[in-house]
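Consider the two complexes below, in which chain A is the common component and chain B and chain C are the respective partners.
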Partner chain A sequence: MAVADFAVTIATFIVIYSLFGLGLNVKFGFTGLIDFGHVAYFMIGAYVTVVLTMPASTAAYRGLGGFALPEFLSAIPGGSLIGWLLGLAGGMLAAALVSLFVGIPTLRLREDYLAITALGVATILNAVVHNEHWLFNGPFGIRDIHQPLATAFPLSPGTFLVSLAIFGIPSLAIFAYAGYKLWGVLEPVSLRTAGIATAGGLVFVAGFAAIAIDFGDLVLGAAGILLLVAGGYIARVAFQETDVPGAVAGLLAAELFIVWYFVAPLVQEGAFVLLRNTLFLYDPAAGPNGGLDYDRFLLVFGGALLVLAYYWVERTVNSPYGRVLRSIREDEDVPEALGKDTFRYKIQSLAFGSALAGAAGGLWATNIGFIDPSQFAATVTFFAFTAVIIGGTANNKGVILGTVVFWSINAGTRFLDDYFPSKYAIQLAAARLILIGVLLIVILYYRPEGILGEQDYPVRGIGGGTDD
Partner chain B sequence: MTDDAPGVPDESVDPVLSVRGLEKRFGGITALDGVDLEIAPGITGLIGPNGAGKTTFFNCVTGYLEPDAGTVEFGGVDVTNEGPAAKAQQGLVRTFQIPRELPEMTVRENLLLAPQQQSGETLRSTWLRGDAFVTDERRVRGDAREMAEFLELDHLLDDPAGSLSGGQRKLLELARVLLTDPDLVLLDEPLAGVNPTLETKILDRIHDLQERGLSFLFVEHDIDVIMEHCDTVVVMHRGDVLTRGDPEDVRTDERVIEAYLGGDTE
Partner chain C sequence: MVSTGFLDALLQGLVTGSVIAAGALSLSLIYSIAEVPNFAHGDMITIGAYLALALNNPGEIPFLPISGGGISLVLAGALGIVLAGSLGAVYERTIFRRFRSKGADLITMVIVSLGLALVLRNVVLFLVGSKNVGYNTRSIQDTNVDLYLTNGGLTVQTTQRQAGDIVLLNEWGYSWLVLITLFAAAIGVGYGVYRWRQSDSGFEEVHLVSPRVLGITAGVGTTAVLGFLLRGAALGTTAIWSTRIGVSVKVFVIVGLVVLAMFLLNVVLKATKLGTAMRATADNLSLAKVKGVDVDHVQLVVWVIAGSLTALAGVLTGWYASNLNPNMGFTLLLPIFAAVILGGISSPYGAVLGALLIGVAMDLGTYLLPPHFSTYRIAIAFVILILVLLVKPEGLWGDA
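For the complex of A and B:
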């Protein structure tokens, strides 16, 4: 599997969990509601979307539905997609409605009680789905998941060159845009600091390479570990020299990405794979002339939904409404004293955040192609909390950044497993969680507001001069 | 003044706030012991020794505590069982003795929270962004700036409220309640920690607002301020109203001198 395919898989994960994290940010970041049961709405969104869109009768499924909305509407043009989107909307609505049932009794409680109650409710809902086979087929799960527009893929328009241009150019444009944005972040780093950091990064990579060649060899293994430590030490010097540690960390992350995504494939597999990685949306194996396969389509589609959700949340919080939400987070008695019905705001925030989690669930089911209750364990909620805290609580960009960091470590390092003897697989899996734990502690200690910190809240469209 | 209900004046002016038989117990401690009190329009001072029940009285009247017995009428309407938000919407607001600024939000945002019935505070209007959203937001921003200028907070508008000094927090608290466009404001020691020139300004503003129809009930320990600026003074002691009346009458009342003012009042 080319790195590009792997990257597409991770990027799709990141998109889905960012959407999930945006929902949590509405509740936790902006309103201060500690919802430890956030995953319940992810689960409800996934199941309801699936049941509303799956065919009416499927083998080995004994639960409710399916209601086959896409088939039902297939007579009208685009009806199949509309049917699926209606299913997704149904999933969001169901998640929001269930959150109302949970919220009406619990939101009258103070925040820590809400956290515990929400965790309990999520666990109960998971147990219900697991044990009540008549509902959604229990632990056997659902396999027959409707995938919107699946028949149109692989999409392979025109000749080889046309197809390459249609998907290759946007890929290049995305890289160019990312590079441009990155440049803006890295600019304050002095050349000297950048040089030291890069040297540290290279020594670190060399150490990893030494281990990767043969971990069993005592000399290579020891040399590798020494180089890893030395690389870390050199990079530390760069951090001590600078007053923009975030930019240096960004530089190191970008360099590691470049080595992983461009340099290593070029060395190991040659220029063709490098080209495939660069034009990542173009898959030469899709269709006769190559094109867009379904996985890549889901990434683009999910990305579009994420952008939509991002602006939706931004519009909500950059407003007088968002001010009330934040005032509830700070000290609920104050908005109450100023005549705001805080209970109504909390309920709405809970429902809105849960609906976004539901949308993420619907997308998750479509992407994975199989759902069962074990996918919706409480840990998923805490993954999202970790991502939100790392990236920046009450910062929508921070949620996405935190999700990128979290899943880069948790899933993006899985390819490293190939380099280590298979008997270390369990230790490596644990090492990933340790690494995330260490990162979380470092962030909480040095930068409790997260990498990006809380965002600003400009209320747009009210004209200039009033916000001087 | 009758002895059984010293908080109820003899003359029949329509009271802004009318409290009857208000009781509040915390375990074995009786914080309010059947308070009867009518607050007439104007500026009323509330004094009394520490632990007399002044803050509990505020909390029960504004809905932060549920009274064990008694009724609260505001503008002739029974509001005993309504929460703080509903009372604030009707024009009954309070400040907190220890300022409750929203530390992570800017001073401007703290102020913008106060005006009532803002169109942009509903989800619908926030998502649709109609004309009302824009005009309301412009108006409240103008009001907030004006209030900040008056209370000398305008140079701090973009600072987080958590960075303000103690006195500035008091001012922010006062600015916020005034921006709610209230009818009766309960001020819990609004002048503690405020510098003397600003104190004069605030008191002038309170008189100004009183002439425009607002009423104030304020707790203050500076007896000179109370004597000089209040139309009526209410004295609380041990969870009940000890007496009420003109500042001069209260100052010379034997029981007040004994309970609160101490021997030497001149």
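For the complex of A and C:
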């Protein structure tokens, strides 16, 4: 698999889990509700969307449905897509409704009681889906997942050069925008610090390479560990002398990405692969002239949904309504004393966050093409919490950044598996999660507000009118 | 033909409840003294169970150089509990003390314990993998105790499956008169003990063991002693009602060890200066500090106790089920929290009662509900939890 395809897969994951994390941020970040059962709404969104959109009679499926909305609406133009979007809306609605049922008894409880009951709800809903075969086919899962517009792909709008231009230029634009944003972050780092940090990073990578060349060779292994320590020490010097350690970490991450995505493929496979990686939205293998394949389409489509959700959440939390939510988080007695019915706000926040989780679930099912209850274990919630806290609680940009960091560690390092014997696969997966757990605790201790910290809110002058 | 029924489920529930009690007791201490709603409690149970595994059956752990060998489960369990206790100290010193000194709020503590849970579970996965493993110990066979209620009284038969056939080991009986005498004596002795201990307790005098517990113990003891002494001839097996109870040494060991642990903790809490300091810290941390209690030391002790008790629960669970897996503790987390909240988080004794209630409810519920619902064992604990939170959020014995 080419690096570009792998990157597209990871990016799609990040988009879906960012949507999921945005939902959690509404509940946890802005309203202060510890919903340890967030994954339940992800699951409900996935199953309801799938069942509403899949064809009526499918082999090897004995659950409820399918209700075939896209087929039903296929007579009208664009009906297939509308049907799927209706299915997604149904999934969001179902997630929100279930969260209402869960919230009415539990939201009056203390925060720690809410956490444990929410975890219980998620565990039990998962057990229900797993055990009740008549509901959604139990542990056998669902395979016939409707993929909207799948017949239109690979999309190849013209000759080779036209396709290349149509999909290549947006790819370049995305990299250009990312580079511009990154420059804004990296500017305060002095050239000297950047040099030291880069040198440290290089020594560190050399150490890793020494270990990976021949796994089991003691001399190389010892030399590798020495190099790892030395690299870490050099990088530490850079971190100590700068007053923007976050930017230095960003620099190292960016350098690692450039080496992995551009330099290594260029050296190993040549200029064509470099071009392919750069114009990542264009897939030469899709159709005779190349074009946009379905995975890339889902990335773009999911990205569009994420942008919509992002502005929706931003609008909400920056409104007077959002101010009430934040005041509930800080001290529930204050909004209560000002005559706000805090319980209603809390339950609406729960429903809103759950609906976003439901949308993420619908996208997840479409992307992965097969769902079963084991995909919706409680750990998924904990991953989202980690991502939100790493990026910055109550910061929507932070949620996306945190999700990027989380999945870069959890999935992005999966290429490292190639360098180790395959029998260590479980160990590597476990080592990643240990790292994430430690990172969570370390961030909570040294930087409890997360990488980006809580976002700023526009404050009007004292003379300005208040609108709520 | 007799089949297992209500009484068997009750006994199962007692065992489940005992294991939950070991976890719930320590969780309630951490909850009230360290003020951490510890979501890592389940995974601390797993760690304890696997520590004993590393000593008892090192061949199962690929990273250990020794294959085979290993020490007996009793010794391995004891050492595992000690090791897990010192790990408890490590959690406190490296993580929770730092967060406490920063004045972390409840939400932060919840998330920190979650991070610890993630680390612990994956350390087990890293070292042992996800396969099911078991302790290296001799297998213990169940003995069936069959009860027949006949016209003349009660017949008891003990049977065992040997080489595929059910073999009668022993049988005896009690006439109705003996049975009535026995229960009357048990109730009489129990109530008498209760009244005797109750009479001199007051605000100043605090009993080491509460009169109620002592009364119940005396009643059960009288039943056992008289039941043994008054055995008569078997009265046949043409029964009005019959039931089978599966019993093994495991049941007695598990209940006995948990009761012993509870008693020791009770002594520490009520009869030592440290225990007084612990209770004072639980009541009001700042006040205890002002009065010269070394709060950090108390917290350390609480985490050591928690590490040991969770390890006890883990070893007992792994031994009882003859199976260990990295998820074993996490599945106990919900019942343990349910037990603690049911009993009232500030009351360790409430937590034990809550654990027994939850354990019995889980196993009786599985017996009483249609077979299809047997997979919802944990759900029963959860439903009880929700009901308690809605009706009496301070718990059945709590005072908050």
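Heads up, the rule we're going with is that the second predicted complex is superposed on the first by the 458 of 468 C-alpha atoms of A that agree within 3 Å, B and C clash if a C-alpha of one lies under 4 Å from a C-alpha of the other, contacts with A are read in each partner's own complex, and residues count from 1 in each chain.
Assume a contact is a pair of C-beta atoms (placed from the backbone, for glycine too) under 8 Å apart; a residue touches a chain by one contact, two chains touch by 3 or more.
Small disclaimer: the values here were computed from a predicted structure and weren't measured.
In the superposition on chain A, A:441 contacts chain C only, with no contact to chain B.
In the superposed model, A:217 makes contact with neither chain B nor chain C.
Look at A:321: by the touch rule set out above, it reaches chain B but stays clear of chain C. Once the two complexes are laid over each other on the shared chain, residue contacts for A:431 go to chain C alone; chain B is not touched.
Of the two partner chains, chain B is the only one that A:338 touches; chain C does not reach it. Chain C makes touch with chain A in their complex at residues 37, 39, 95, 98-99, 102, 104, 106-108, 110-112, 114-119, 121-123, 125-126, 129-130, 330, 333-334, 337, 341, 375-376, 378-379, 382, 385-386, 389-390, 393. Residue ranges on chain A touching chain B, taken from their complex, read 312, 315-316, 319-324, 326-327, 330-331, 333-342, 348, 352, 454, 457, 459, 461-463, 466-467. Residues 62, 64, 83-86, 88-89, 93-94, 96, 100, 102-105, 109, 112-114, 116, 118-123, 125-127, 129, 133-134, 136-138, 140-142, 176-177, 180 of chain B are the ones that touch chain A when the two sit in their complex. Partner chain C is touched in their complex by these residues of chain A: 32, 34, 105-106, 109-113, 115-117, 119-121, 123-124, 127, 130-131, 378-379, 382, 385-386, 389, 426-427, 429-431, 433-434, 436-438, 440-441, 444-445, 448.
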